[in-house]
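Next come two complexes built around chain A: one with chain B, the other with chain C.
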Partner chain A sequence: MKIKLPGLGLLEGLAVTGKNMVQSFYKKERMTTVQYPEERAPISPNFRNFPFLVYDKDPQAGLRCTACSICEKECPPQCIYIVLERDENGKSLKRPKVFDIDISVCMNCGICAEVCPFDSIYMDGEYEMSTDDRFGGLLLGLDRLSKSAEYHMKLRPEQASEVMARRKADEEKKAAAAAAKAAKAKADAEAKKAAEQEKGGEA
Partner chain B sequence: MISDPSMFSSAPVLEGSDDDQLLRVSLGPQHPSTHGVFRMNVVLDGETVVSLKPVFGYLHRNHEKIAESVTYLSSMPYTDRLDYICPLSNNWAYANAVEKLAGIEVPERAEYMRVILAELTRLINHTAFMGFILGDMGAWGSALMYAFRERELILDLFEDLTGARMMANFMRFGGCRNDLPDGWAGKCSVLVDDYGPFLDEMEKFLVGNEILLVRCQDVGQLPAEKLINGGITGPMLRAAGVNYDIRKADPYGIYERFNFRIPLGEKGDVYDRIMIRFLEMRESLKILRQALDQLPEGDFVNPKAKIRGFKPPVGEAYARIEGPKGELGFHLISDGSVNPYRYRVRPPSFINLTLLEDMCLGLDLADVVIILGSIDIVLGEVDR
Partner chain C sequence: MKKTFLDRHRAGCPDHVARASCPPPNQNQAFILPLAAATAEPSLFSPEFLPRLPQRLVEMILTNFGVPDWLVTIAGFLVAAGTVVAVFLSAFALLSLIERKTLARAQNRIGPNRAGWFGILQPVADGIKMLTKEDIVPAKAEKFLHLLAPILIVVPAILALGVIPYGREWTPVPLELGLVFFFAVGSLTELSVFMAGWASGSKFPMLGAMRAISQMVSYELPLIISALGVIMVSGTLSLPHIVDLQGGFQLGFIPSWNIFTPWGLFAGLLFYICSIAEANRCPFDLPEGESEIVAGHMTEYSGFKYALFFMGEYLGLLAIAGLFVTLFLGGWQAPLPGLGFVPTWFWFFGKLALVIFSYLWIRATYPRVRIDQLMRFAWLCMIPMALLTLPAAGIWHFTGRGLLSWVVVLPLMLVPWVIVAVIFNRRLATTTRTYRFADT
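Coming up: the complex of A and B.
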């Protein structure tokens, strides 16, 4: 081992502390304190917090959620509660009557957003959600969970535009399929009519 | 409230004469910002430790049992909370076990991403360790702040990639959750370049310090044989000169492709344990540099891997990785349903803690704290 003057190691360490102290006055990467709430550190575009539900156009009819309960089953701390809306005959209307997320239990893992097959649930970036009502204030229902597709677009442009493009393509495909079906039905009907007429003519 | 703490201690009832009185001290439970909520029942003769019984379980939250009642994927975010200093290594260990169980292949790019993230996690853990051990020695403040300043830079990278600073929940069975964002690899590479100078500064700050030398040298030594018999792994074992690193001994992932060395200590005292972590960080930087240079294009997750309704075949698997604290293993038994039949964690912190009493006997009370610090435990993993 190298023999040093006793106390030299201490002084060397103190020099490091001194350097850091002096640099903390002028060096930009050392001035790391952000004066919250007057100023805010920029949040990463990937930052995730609590989930929200997306709707297109109308907050009630446009809700993408079909109450399939996949997120409810996969949720690790089991903080999602869904009740399916049914009409008077008991037939499923494919939309949630109740959709509650208890954000005092939610652990922000993002699995609900990952497993959703209907592009309906995504992770929000809002973080200033403190409340003095610890029961009602932290249990988010449909009214507070539903957010518009524009909000999603603003929050995560890349993800939202990809989803929108896919949904649009799907819709067009569906519309094309429906149109083709209608056209085919019409053609069939016409062919049938023509055949009947022919038959009638022969008779 | 517990009126008599001794009812939880297994130490024998002590009776001494007036000149030789033994004192029973209940150290802790400490606040989580130190090492976690942990208590030690110490019996002292003057200032010398005669007996030490660890008391833990304050942070028990039933991790293994919960995992048996939820799906395989749902356990992934819980593994973040085992050793909350290094969530991504925990993710990897668990993903490894499930991949072994279900026989899922991992694409090349995902393997590289995993190595990069695991080595960044090792940097975080060892850097934070430097701050904590100095805090244990009484130098509360500067060292911890310097360490946490650099750690925060890595956590920013994690936030950009995974969406959360610490609770990443990033690895998936057959790869990772999402691809690296644009410019992430560049940012990481800048960080790797800047980390060497920081380590130099930190070494200058600590290594030659006479107080640190006096406090740490020849404290908490144990013979290597005893450490091996106790199941100790990780930097603790290597500080005693035993060449055992799972990255070399039982390579997983793509660690064979990288050129790095395993630093070994000589004496196995607290000082060696600090130094071994410095050297390991430098080796990690080497691995990171190679991995970032070789990072291939391709899939970040196996496209055949299922997310919804994942059911592995009936079977049993144990997979382990060299976590920053030691061997981290997951043992899974599957009965073919959506949730594991048995789920067991082999936590390095917990098993490294078992020899605490042997290390502390005959030493002063002040040494107990730094020995505990040098084991580098996280109570989230000890108590599970």
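Coming up: the complex of A and C.
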């Protein structure tokens, strides 16, 4: 049987706290405190807060959103409000005139980002959203929602680069298809022309 | 002529203690000792006399204006009291910050560092916050007692601080019965704690006050008994004299403080533990056990009254630590020979800071004990061990305080301590708790 000197446990305890006390002055890994307003801990790529809208290059014309209203319909607390922009003839311009998200209602579920077929809406990493204006300050319009694709790339590089690659591939495919279509149209036109000439010749 | 105990003690005084500094026999003695400064009047601005400077200035000015002597004495004491209050209230403010910083470091945090440079203004911010809070008096409270309790908890702590010798030339009120005064006034804390608990008119304060009383009464016994050994060996109740008798060095470098004697080591340890319990500090902070009884007797207090409770607690802590330094750590005596050029109050406050830091360290380390553990420890362990210091101190005195005394007294103290420690270790530490329903 191991006989432990009575009272030794108390001294061991004191040694532990004493070590903490002394080492916290010079060991970096002991002090994990982040002095918040001056410095910030880096946020994880998996961190998601309120949604934002992605645009390529131009904040107005480059907006990926087509105002299809899928997110508006899917949103469980119904915090999204979209109005489609139309020209004077009433024809859709495929971009939102109004895109509002009430973040006092939003529950950060990320369903809008999941359902968006145009890679337009994603969850943001910004967390300092407090305001003293509880109506206007918490209702984010297009001006505060639209953020550049570079911002998305910086925030979540993995997801953004995958999206970019897919969009690029799509675009190339579309361009190729367009080119093929154009070539076909040209060939068709030429064939038509030739046929007409033939017809004319016959006539 | 019949020989008194003090005469015998004076004859038995070891050589390193100047015979002249042995206490005089207290026959027909004035109740208040003459001030030490009356015998030697050095320059006004020497560092040794710095803490007494306000008192002496006021006395000099009043004497010059032809004020009668008794009025000058009263004014001098008032100024001395003012100095004590000023010094220890700023010490309280500083201590509240240092405590938070120390605890933070023990938990690998930084602690308050926003208000001012390294958080130096944090106590000011706390004070402003406390002052601007709403002062709530419960409907069922005894209004007058509810108001009186926080005041009465600060007063005894300040009174007790008045009799402690802070330096060779500075004991604010050099009472002949200083130690008795200290304990008598210190017991008033219990009264005000119970007053607070009763006057709040609610369950938790009442329970907390009951706990506080049982704890304080239990630990006051060993506290006083372990101080009795010092009184026996010193032969005086005057705190300045007790410090005087601890002057000098053994073997040239070991200070002859009471803690460096075989009985004093153990008595000092007991006194130290009891002082933690008396000051309601962790691990004996049961009166304000947050997890069990909200905040004990302070539950129904808010705002500045709550701050007054804290002030009383910290001032009491400083007072009891000061008494520990005085009785066992040689008061203002220098720790090594050849350090006479340093003002003596520096040594006192240095030792006080060390003792206070040890309290903080203990608070950072140990969890709170249970009430039954607390009471069992007091009555079964502390009091018998404290009683044992009395014969030990007597034997130490009458065997000449030399090598022989060490040989006799050390085993006398050590053997029962080890036995009790082993028994308690087996009884308390190794009991496995059985649960009636969960273990089936």
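One rule holds in what follows: the second predicted complex is superposed on the first by the 168 of 203 C-alpha atoms of A that agree within 3 Å, B and C clash if a C-alpha of one lies under 4 Å from a C-alpha of the other, contacts with A are read in each partner's own complex, and residues count from 1 in each chain.
Operating definition for what follows: a residue touches a chain if its C-beta (ideal position, glycine included) is under 8 Å from a C-beta of that chain, and two chains touch if they have at least 3 such contacts.
For clarity, every value in this text was computed on a predicted model and none was experimentally measured.
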Partner chain in contact with A:T33 - chain B first, chain C second, else both or neither: second
Chain B versus chain C as contact partner of A:T17, first or second or both or neither: both
First (chain B), second (chain C), both or neither touched by A:A61: neither
When both partners are placed on the shared chain, which of chain B and chain C touches more of chain A: B
Touched partner set for A:I111, first chain B, second chain C, both or neither: first
Touching partner for A:F25 - first (chain B), second (chain C), both, neither: second
Set intersection of chain A contacts, chain C complex versus chain B complex: 4, 6-7, 9-10, 13, 16-17, 20, 32
Chain A partner contacts - residues on chain C that touch it in the complex: 102, 105-110, 361-362, 364-366, 418, 421-422, 424-425, 429
Interface residues, chain B side, partner chain A - complex: 70-71, 73-78, 142, 146, 149, 152, 156, 159-164, 167, 169, 177-178, 181, 201, 204-213, 307-308
Chain A to chain B touching residues, read off their complex: 4, 6-10, 12-13, 16-17, 20, 32, 44-48, 70, 73-76, 107-111, 114-115, 117, 123
Chain C partner contacts - residues on chain A that touch it in the complex: 4, 6-7, 9-10, 13-14, 16-18, 20-21, 24-25, 30-33, 35
